[in-house]
Amino acid sequence: MSIEGRGDAVGGRLRLGMVGGGQGAFIGAVHRMAARLDDRWVLAAGALSSDPVRARASALELGIAEDRAYASYQDMLAAEAGRADRIDAVAIVTPNHMHYPVARAALEAGFDVICDKPLTATVAEAEALADLVATSGRLFAVTYNYTGYPLIRQARAMVAAGAIGDIRVVQVEYPQAWLTEPIEQGGQKQADWRTDPARSGAGGCVGDIGTHAYDLARFVSGLEAEAILAELTTFVPGRRLDDNVGVLIRYRGGARGMLWASQVAPGNENGLRLRVYGSRGGLEWSQEDPNYLWFTPLGEPKRRITRGGDGASPEAGRLTRVPFGHPEGYIEGFANIYREIADALAARKSGGAVDPAVVFPDVADGLAGVRFVAAAVKSASAGGTWVPLA
Amino acid sequence: MSIEGRGDAVGGRLRLGMVGGGQGAFIGAVHRMAARLDDRWVLAAGALSSDPVRARASALELGIAEDRAYASYQDMLAAEAGRADRIDAVAIVTPNHMHYPVARAALEAGFDVICDKPLTATVAEAEALADLVATSGRLFAVTYNYTGYPLIRQARAMVAAGAIGDIRVVQVEYPQAWLTEPIEQGGQKQADWRTDPARSGAGGCVGDIGTHAYDLARFVSGLEAEAILAELTTFVPGRRLDDNVGVLIRYRGGARGMLWASQVAPGNENGLRLRVYGSRGGLEWSQEDPNYLWFTPLGEPKRRITRGGDGASPEAGRLTRVPFGHPEGYIEGFANIYREIADALAARKSGGAVDPAVVFPDVADGLAGVRFVAAAVKSASAGGTWVPLA
Amino acid sequence: MSIEGRGDAVGGRLRLGMVGGGQGAFIGAVHRMAARLDDRWVLAAGALSSDPVRARASALELGIAEDRAYASYQDMLAAEAGRADRIDAVAIVTPNHMHYPVARAALEAGFDVICDKPLTATVAEAEALADLVATSGRLFAVTYNYTGYPLIRQARAMVAAGAIGDIRVVQVEYPQAWLTEPIEQGGQKQADWRTDPARSGAGGCVGDIGTHAYDLARFVSGLEAEAILAELTTFVPGRRLDDNVGVLIRYRGGARGMLWASQVAPGNENGLRLRVYGSRGGLEWSQEDPNYLWFTPLGEPKRRITRGGDGASPEAGRLTRVPFGHPEGYIEGFANIYREIADALAARKSGGAVDPAVVFPDVADGLAGVRFVAAAVKSASAGGTWVPLA
Amino acid sequence: MSIEGRGDAVGGRLRLGMVGGGQGAFIGAVHRMAARLDDRWVLAAGALSSDPVRARASALELGIAEDRAYASYQDMLAAEAGRADRIDAVAIVTPNHMHYPVARAALEAGFDVICDKPLTATVAEAEALADLVATSGRLFAVTYNYTGYPLIRQARAMVAAGAIGDIRVVQVEYPQAWLTEPIEQGGQKQADWRTDPARSGAGGCVGDIGTHAYDLARFVSGLEAEAILAELTTFVPGRRLDDNVGVLIRYRGGARGMLWASQVAPGNENGLRLRVYGSRGGLEWSQEDPNYLWFTPLGEPKRRITRGGDGASPEAGRLTRVPFGHPEGYIEGFANIYREIADALAARKSGGAVDPAVVFPDVADGLAGVRFVAAAVKSASAGGTWVPLA
């Protein structure tokens, strides 16, 4: 048993200010649970909706103090900047199109930022943010939350250590079913903005979940794409963005990959799955069964590595809260990102070095994801051609 | 998609006082995460160790206020009883032998109680607590946490609604591997007290995990045992309590069951698994894969019901935080118990009725578990004979 | 890849004479496919039904020569005994109650015998056959066909070699659903005789499939039961034999086991499953997924050994026809029994020694199975008491 | 339970003449087991090797009569054409490059043909064979054996009946590991010819297993590709043909597909897997677990349809030999092709119509596969461009 993780705060809590995530939202509540699980964060302030009335009501409902229940993110940034007990970070959980203006404003106001994915709606915006992060020196996390699963950390460490040799093939997929019918036309809130180019950006499925898949493959394999070729398809009549995407990937160094993401695949729920094959072995992992990592050393039987169990590595163990056989899930994986951000901020406060094991996705990862979406849209628009990635 | 659960507190937080669970403990940290996840509880006070120095240090480390970091549970009960902001409930997470005295004292001091399982070391103690609960009118929860899994709630509701007809066969098992070797002799803290009759009671494996299995079968099937016959075996040389148990169960009404629990089964981690078969269908569930419930209506293909997915019932939906395909796990299931206790306390405070869907295990369930352990020990001591259960 | 098995006859075919298995029968057709698969046997003669007309018609339909399409087993034994090209073995695939008279007659006529299970309806009959085999020197196989699966052979070899240390716990189960309703009352042929004590013997479910489970546990573990305690239950109204059985087993040497067999468990098809745990590891196998053997060395991750794949042993390889990933199934496992019988007969013909790897079940195994059924019935009749096994 | 299939010949056996498949070959032995399983075929003649000495020795070893153990396929065709008891069909199980000349000669000699896949090494050859079949009126089967699995038949029937609505997405994959290292350089016979363009054709992995995947997707979906785009990669140094292939497929009518085949993916054995998604549901099937078909009607829980079980269709039932829960596998699926060919030949002999359920792959399917390989090679050679398919 290799469990080093603790589910308890030791040494004080950080203050979080949230933008978006008010009544009826999905991902905001997830961020709050993730932040709360290890008791390292307190939700201190919020501008939880673009509607000022709903923003304040939502904040009060969540127990945020009256004077920190802001009507807008601008108000929040302005007021918090002047407080002695100012928030330690801004979490941005709005629809995609608002990521950029809020993140920019937060950075300019001197705040560290935690931003949901995809980073921005355009490459130019993402590059601007990356520049701003570099000049500001602020911490900037992008919640590609699937990188927070303990066994994903182990897979990444195993690849880096050569456990499967030189990587040849990377297969990643992310099928869902929930947009099989045009539910956005019935006003389903999650579907509504995700299928609206004005709020979601030029990518539909490719931006919403394709980026998760792309990022996870990068994160574990350590490889960067040289070029991609994408088929974006819209199967549901009337839908304005793609709902199915197939991508061929040429990685630098010669590895090859395929990426499939779909929101119209009945029988799938949240089927993010990664398989990486090298000259000496293979690794396989599925988000819906995240407590197991399947490792096949070439010429030996496949092995089931379990979170917290025999064979679990320190990289997995440090993000593990309960023993093997006691399943952890999506919230715990997400919480690991918040835990690591807290670790990084704590290290900075104390003047110490950040543990090198802390590897939550940052603005560079966010930029890579936006470039991927843009390249996929460009490839598809050109009829399916190879598009280089910077 | 059927998600009604919220991971956010709405309407204020309750104050928890904890006994046990200090540095190095396992289940105390789990209780804290469970209490924290939905933001319905604040850890306000603690007597976290039988060692006064460690008790206070542990409490301060967790951010408990100086004046509520108690040196003993007696101190805590006495001091809290006099506070205007007194704790709303006492959580007991000590080794088994301390459950009774602490629970008794807490009830007598007028506190509601959340007690880990097994309830007590003897039937007499458990009966005394049940009486005290009845006379005191206090709420008393026993954290048979596996009953908190959403799909276990659905299974229970389906059985009650007749979805599988008259129950005939109940198969429950709970294999683990972690005591395959005599690690208690090396001082492993969790193994140490669990294999010590003075702290664990007369049952080893049967008390530690056999009771979980027994309770889960009762909870889902709605059946009570009429008689059991048990084989308790100690395989590891030098061990003082059983580490493997096989039980035949005769349920009232004619159903038959088997229960297997083991702590010496290499390849198993926390393999609690329940299968219930009736005249019209079958239900199957595994704790290590808790987001799926397998339902076979007689004469039809097996169906995979997923937490939050198509086919999920209201009983599951109300305890669900994230959508289908985003796995929830052990902590979330445990948190559902804490959420329901909060619901019950909130209802009492407001003078309203408790939602009938709130069905966390109570002192009667705790008593049933202790009677099961006692009967199993009696049966095994007699060489394997049938022992009636009250 | 470790494949030594061949699906082709090399060196001539043996002649099989079959008793039972005519039109409408199930297991007779299975025996024929099993015999045919490796081209080691030719169906040369048959007395395929107790009805003389149907017997001959069935034989002709299968291509058996006119003069060897017998009206009764007595005719077949008499006529074949006098032929120069007489059959090499008699296969008995009748309902249970006919096993004994046919087997006895065949042995007395000097034939080698292949008999379906359970061997006989009573212990006395089984003992008489065992004696007759001993005195006659004839080969006598009992088709506990599940012992023919390649990975069951490997499991047996691994246990024998100490791969999992000293065996402590043996869990075997065999749930089915097909008798959940009283289909025998509607004349379903397979259900009809299996639920009729006159043709099936005193055991219903326990004799039909419980014996398979019991035999498989013996075969792999190498352990013999010292005593058993059984609950036999008849859940379906009007049924004359048990349809669910739970058994506790005390093995000689101290291991403990549980056996569950059921024919009233909706959601199960032919769920024979064996798990064996020792002081150094565990082995797990399921008949419905027979190409995988799960092996957990203590303190290491679980490994998936595949038939024909890396980790497959010679014991598995010699009974493997197609490579890893090309699933073999029930017929192939059954065919391995016929192949080994052919090997044994060929060795005897040539005066050579039988390969020690040839370990198909024999009359002793058949006798052990009948004793198990008798003891289970006795235990259950006495209200659930421990019954010693010779 | 829906089992109509019989494992016994009724009404006579057909005579098979085999070309290729002598000592040391793999697929020839598979064809023989497949032909033998249902007792519908007798191996009557053979030219089992291109080496005349080995050809005759192999034939005699298999029990072929002296005068039909031919030294060459030319000899076999010439001699058999003149016999009264001439063979009913020629089975071609040679390396790929010999398929064309042997098939041509067999057709020209008036024989029905059963040919392994891929049909030929070039499109021109395949077209020539298709023409010859048309003019000759001979039966011509191509052993895309995976179409013989009962539940693949059911999937095809369900798609055709609209059970999943309009097809949108087809995902097919076929990963293996066995060529991860350059075993052809060590003389492994199976690897040797498969990686040799002179014997295998222009496609390596894409021809050997990619065609199986492509054919299976066509067979089940009923869709034809309009254009494909392929990445063929050779990862193993020194290898002369591709060992990994990724393909994007545009189906006529608008569906989209992806195909991945690899022989360098450690942890995979023979991982052919098909997933088809439509506007009303999804179907999923894996060759390594072939007795289950997963069906998700939109908005309902996923269902596990089992071969022979509740939910199995007549299309599956007619090719089923043993009941649910008794796994059938690769050989049985292959045998279904031989059974259907026998059915078709028997119908022709008797002047009756062939059962419309008989849908074994024919020369058109073979041609489609060869066109796919050619288009994939062309696309890859051009750097990854879209190539139309006729």
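Letters A, B, C and D mark the chains in the order given here, with residues in each chain numbered from 1 onward.
We adopt the following convention: a contact is a pair of C-beta atoms (placed from the backbone, for glycine too) under 8 Å apart; a residue touches a chain by one contact, two chains touch by 3 or more.
Fair warning: this is a prediction, and the values are worked out from it, not measured in the lab.
Engineer: Among the other chains, which touch subunit A and subunit D together?
Structural biologist: B, C
Engineer: Mind checking subunit B against subunit D and telling me if their interface is mostly the same residue numbers on each side, over half, or mostly different?
Structural biologist: Same-residue interface.
Engineer: Comparing centres built from CA atoms, which chain ends up most distant from subunit C?
Structural biologist: The chain lying farthest from subunit C is A.
Engineer: Taking the mean of the CA coordinates per chain, how far is subunit B from subunit D in Å?
Structural biologist: Those two chain centres are 54 Å apart.
Engineer: How many angstrom lie between the CA centroids of subunit C and subunit D, rounded to a whole number?
Structural biologist: That pair's centroid distance is 34 Å.
Engineer: Find every residue in subunit D that makes contact with two or more other chains and list them.
Structural biologist: Subunit D, residues with two or more chain partners: 268, 295, 302, 306, 309.
Engineer: Inside the complex, what are the residues of subunit B that reach subunit C?
Structural biologist: Going by the criterion above, the answer is residues 164, 168-169, 171, 173, 177, 180-181, 229, 231, 233, 235, 244, 246, 248, 250, 254, 256-258, 260, 262, 264-268, 275, 277-284, 294-298, 302, 383-384, 386.
Engineer: Going by the contact rule at the top, pick out the subunit A residues touching subunit C in the complex.
Structural biologist: Answer in residue numbers: 295, 299-306, 309-311.
Engineer: Of all residues in subunit B, which touch subunit A in the complex?
Structural biologist: It comes out as residues 1, 6-10, 12-13, 26, 29-30, 32-33, 36-39, 61-63, 176, 178, 268-271, 287-291, 306, 309, 321-332.
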